[in-house]
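Chain naming follows the written order as A, B, C and D, and within any one chain the residues start at number 1.
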Amino acid sequence: MIDKRVASCASAVANIKDGDTIMIGGFGEAGSPIELIHALIDHGAKNLTVVNNNTGSGRVGLAALIENGQVAKMICSYPRTANSLVFPELYRSGKIALELVPQGTLAERIRAGGAGIPAFFTKTSVGTPLADGKELRNFEGENYVMERGLKADFALIKAKQADRYGNLTFNKTARNFAPIMAMAAKNTLVQTNEMVELGAIDAENVITPGIFVNGIIEVSKPQQESQLVKDGVVYLPIKSQGAEK
Amino acid sequence: MIDKRVASCASAVANIKDGDTIMIGGFGEAGSPIELIHALIDHGAKNLTVVNNNTGSGRVGLAALIENGQVAKMICSYPRTANSLVFPELYRSGKIALELVPQGTLAERIRAGGAGIPAFFTKTSVGTPLADGKELRNFEGENYVMERGLKADFALIKAKQADRYGNLTFNKTARNFAPIMAMAAKNTLVQTNEMVELGAIDAENVITPGIFVNGIIEVSKPQQESQLVKDGVVYLPIKSQGAEK
Amino acid sequence: MNTLATSNQQSNRQTAQIGWNREQMAQRCAQDIEDGSYVNLGIGIPEKVAQYVPDGREVIYHTENGLLGMGNSPTADEHDPDLINAGKKAVTAIPGAAYFHHGDSFAMIRGNHIDVCVLGAMQVSAKGDLANWSTGAVDAIPAVGGAMDLVAGVKTIFIITQHTTKTGDAKILAECSFPLTGQKVVNRIYTDLCVIDVRPEGLMLIELAPGISFDYVQQRTGVTLQSAAHVTMNNLNEGQK
Amino acid sequence: MNTLATSNQQSNRQTAQIGWNREQMAQRCAQDIEDGSYVNLGIGIPEKVAQYVPDGREVIYHTENGLLGMGNSPTADEHDPDLINAGKKAVTAIPGAAYFHHGDSFAMIRGNHIDVCVLGAMQVSAKGDLANWSTGAVDAIPAVGGAMDLVAGVKTIFIITQHTTKTGDAKILAECSFPLTGQKVVNRIYTDLCVIDVRPEGLMLIELAPGISFDYVQQRTGVTLQSAAHVTMNNLNEGQK
């Protein structure tokens, strides 16, 4: 029997290893799998390469993962956002690496990684510093830059509904990078607002088919990043929290 | 006001010109826009390059378009099917050209054409005659072949529901090539089983967003290719039909 | 004479207030967006363009984070943190909207399916090169977002920008000194002073804000402008619609 | 002696009937498909594999024309010409199925997401090269479908084939003479006579059909086989499940 449900966020992320590449869904807070990220902070895996459009905000979620020293390198398109405090400081002090990728090239590299395409050509970034060192090629009189597919060991994403096969739907623009990251990762871990019976998601309306999903945990009342930031919450790993008591 | 409905199948295809490249949706009869194809036969444009997974069956639809001498070249993955009579004969007598493309490479070339990707690398066909003359390249110890994006002047596709913006849904496996062909063609013409009001298709469940659609005609009771073949129907262009009377 | 001098000084101090204001720049740009266009609006003044689409035109807004058919700001009741635009502001979706993932969203952009993109600029060159993502400063955190994809993929690129920097430096130049967002990508520039077309033969001033002269614009521009035979002075309303 | 000779002749004439039949070949292959696998089945004998998945295993079938979760043949009531498999036969969809377009479907294949693909073969080489799309005949209409994508992208490729051609020619060879579908792609071969693993060191016979000897198989094979230390004779049932 196929049942991809796991017991907890902690068990979902248990197999993540030091040095792994982790894709994390979300565009700003929309679609950010905050409970899975917090479980990864508790887990403690270090020297991670993280792929996300941004670098988190405040001192929760992705920003807290970075602040906890677990991220060696970010691959993203826009590391500066409102309330982004942690990344800029570490970046300026040389404690974290950055691979800056245009947003659409980032999306296409992830999609290519998931679709078995090792490289493709795009017009994006031709003639800019972000094309430096990359192969240029002319097709029908236009210049294009070669970009490489991007894969990951794990993807952490947030869904609206999931069934035990791993079929997923998303909520509005929280969909963003999740479906392509699910394709590009060897192991895709999903926190879903709701678990539903097989067949409850119309086969026509499945956004991510279960073949791209490995583990699912229901988080029916996920925390909202912006609210946590507003409340001044600082996420500390459970071990540290315990140590402080 | 945006209203992509057109008055008839004939007016939908009226701007197709001799020498155009036409993508036609469908995998066998599932998703074949048979009324639009018949309108193209009546229209009479010649010297077409047609992209379709197959070459039609019997003497209706795509097979009739080929039989009517309008197709100079087929780009497809599987030109032989049950009841495929017309293409084999013309091919053997050298009256039609064939570019044979593996089915997944065909799909990806169409998707690339629609996504602004002029070329990409795939493992498919490496070491086979279908890679002859194509650029090979090694990435991380594996060989890949470079394939080019494929665009078209027109796409003819069949949808289940459409609204006036051109948002589309499809029926089951009749979806097949339609969404990617809609992306790859400068002009995408749709026959839909049903026109619906704006908003009737949930924004989460739109398969082809209207941005990829140019003209829509409602064909509420489309003919079924297999039934026509069974009934021995031969589609003749309206002019010829008229001439015979 | 004393009075005149004072008046001139005042006029200089008020340079930022003459010409079109931000609302009018957006309004002027909106006039050039055709009925039925698919449009992507950048953050800042470009966002305002949506408020000034002339009556009778239906325009569909794309936001690169996965929505076609973006509507107005939500009411408190409508607010959903999962429904935001590329600037991460809360938005709504119109009837006939569609959601999609980032791969599909940038396929629309890269594949030349979006008709118009309106962006801000740090610098624009006479060839239509755009710099709007980095000053190249060593200690800056580089951040590019979707700007490079938009200028490479969208059919028509409109720029809305103040004609000069806050310190009075020209932003329209022979060559950009900042790192480029894209080469030869800009089609038209809307500033507080004028409208300029980027043409193969160079920059062509096609319209002036009321009370602004060609020479006034040329003095604040880092490259020689040409002037269309009949430059009109477009007297927009006060930014209301 | 006369009787024996007759018996031998009869045995020779019945060569096609000895070993496993088509149902048993499918049944044998099905034993090697693990619980939870995503599986794509080619046209012909491979299609039968779905009928023999051992009890307690749940397997999800992918058909490259856009469906994950393909079910059985439809009843007359269920029949929908828009719901077909890659062989263009009518099928059904199970609860938990998903439809998608061809681009996404072959992303699953090319991206190594499908666990197992079972295909027929014209020829298989000792290195695991497969030829199953063309005899290379000059007057043939070439047709490849999704075979090259499947062998290039699916993690494990199983071949089900008669051990020899109808005229008795070997199909398992040192090198394929027909145009290839893919190089070094086959993992295991199920024939009417035996099961053969494709290993880096060559072809390894790992199982024999009841009453079949290693020599009998070797005589009908165009390349030297190795034999696993303990070749079992797998006595499948009559093809019922």
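Convention: a residue touches a chain if its C-beta (ideal position, glycine included) is under 8 Å from a C-beta of that chain, and two chains touch if they have at least 3 such contacts.
The structure displayed is predicted, hence computed values, not measured ones.
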Where subunit B and subunit D overlap in contact partners, by chain label: A
Among the chains here, which has the CA centroid at the largest distance from subunit C's centroid? D
Separation of mean Cα positions, subunit D and subunit C [Å, integer]: 60
Distance from the mean Cα position of subunit B to that of subunit A, given in whole angstrom: 36
Based only on mean CA positions, could you tell me how far subunit A sits from subunit C in angstrom? 31
Rounded to the nearest Å, the gap between Cα centres of subunit B and subunit C is 39
Mark out which residues of subunit D touch at least two other chains, giving numbers and ranges. 67, 93, 99-100, 106-107, 109-110, 153
Multi-partner residues of subunit B (each touching 2 or more other chains): 108, 111, 115-117, 122-123, 170, 172, 203-204, 207
Chains touch in the following pairs A-B, A-C, A-D, B-C, B-D
List the residues on subunit A that touch subunit C in their complex, please. 27-31, 53, 77-82, 87-88, 91-92, 98, 100-105, 107-108, 110-111, 122-130, 170-180, 207, 224, 226
In the complex, go through subunit C and note every residue touching subunit B. 35-36, 38, 56, 58, 60, 62, 67-69, 93, 95-100, 106-114, 153
Residue ranges of subunit A touching subunit D (in the complex, touch as defined): 1-2, 111, 113-117, 163-165, 167, 183, 197-199, 203-204, 206, 209-212
With touch defined as at the start, can you tell me which subunit D residues reach subunit B in the complex? 63-67, 80-84, 88, 93, 99-103, 105-107, 109-110, 129, 134, 139, 141-149, 152-153, 179-183
Hey, which residues of subunit B end up touching subunit A in the complex? 108, 112, 115-123, 137, 139-140, 142, 144, 148, 169-170, 172, 202-205, 207
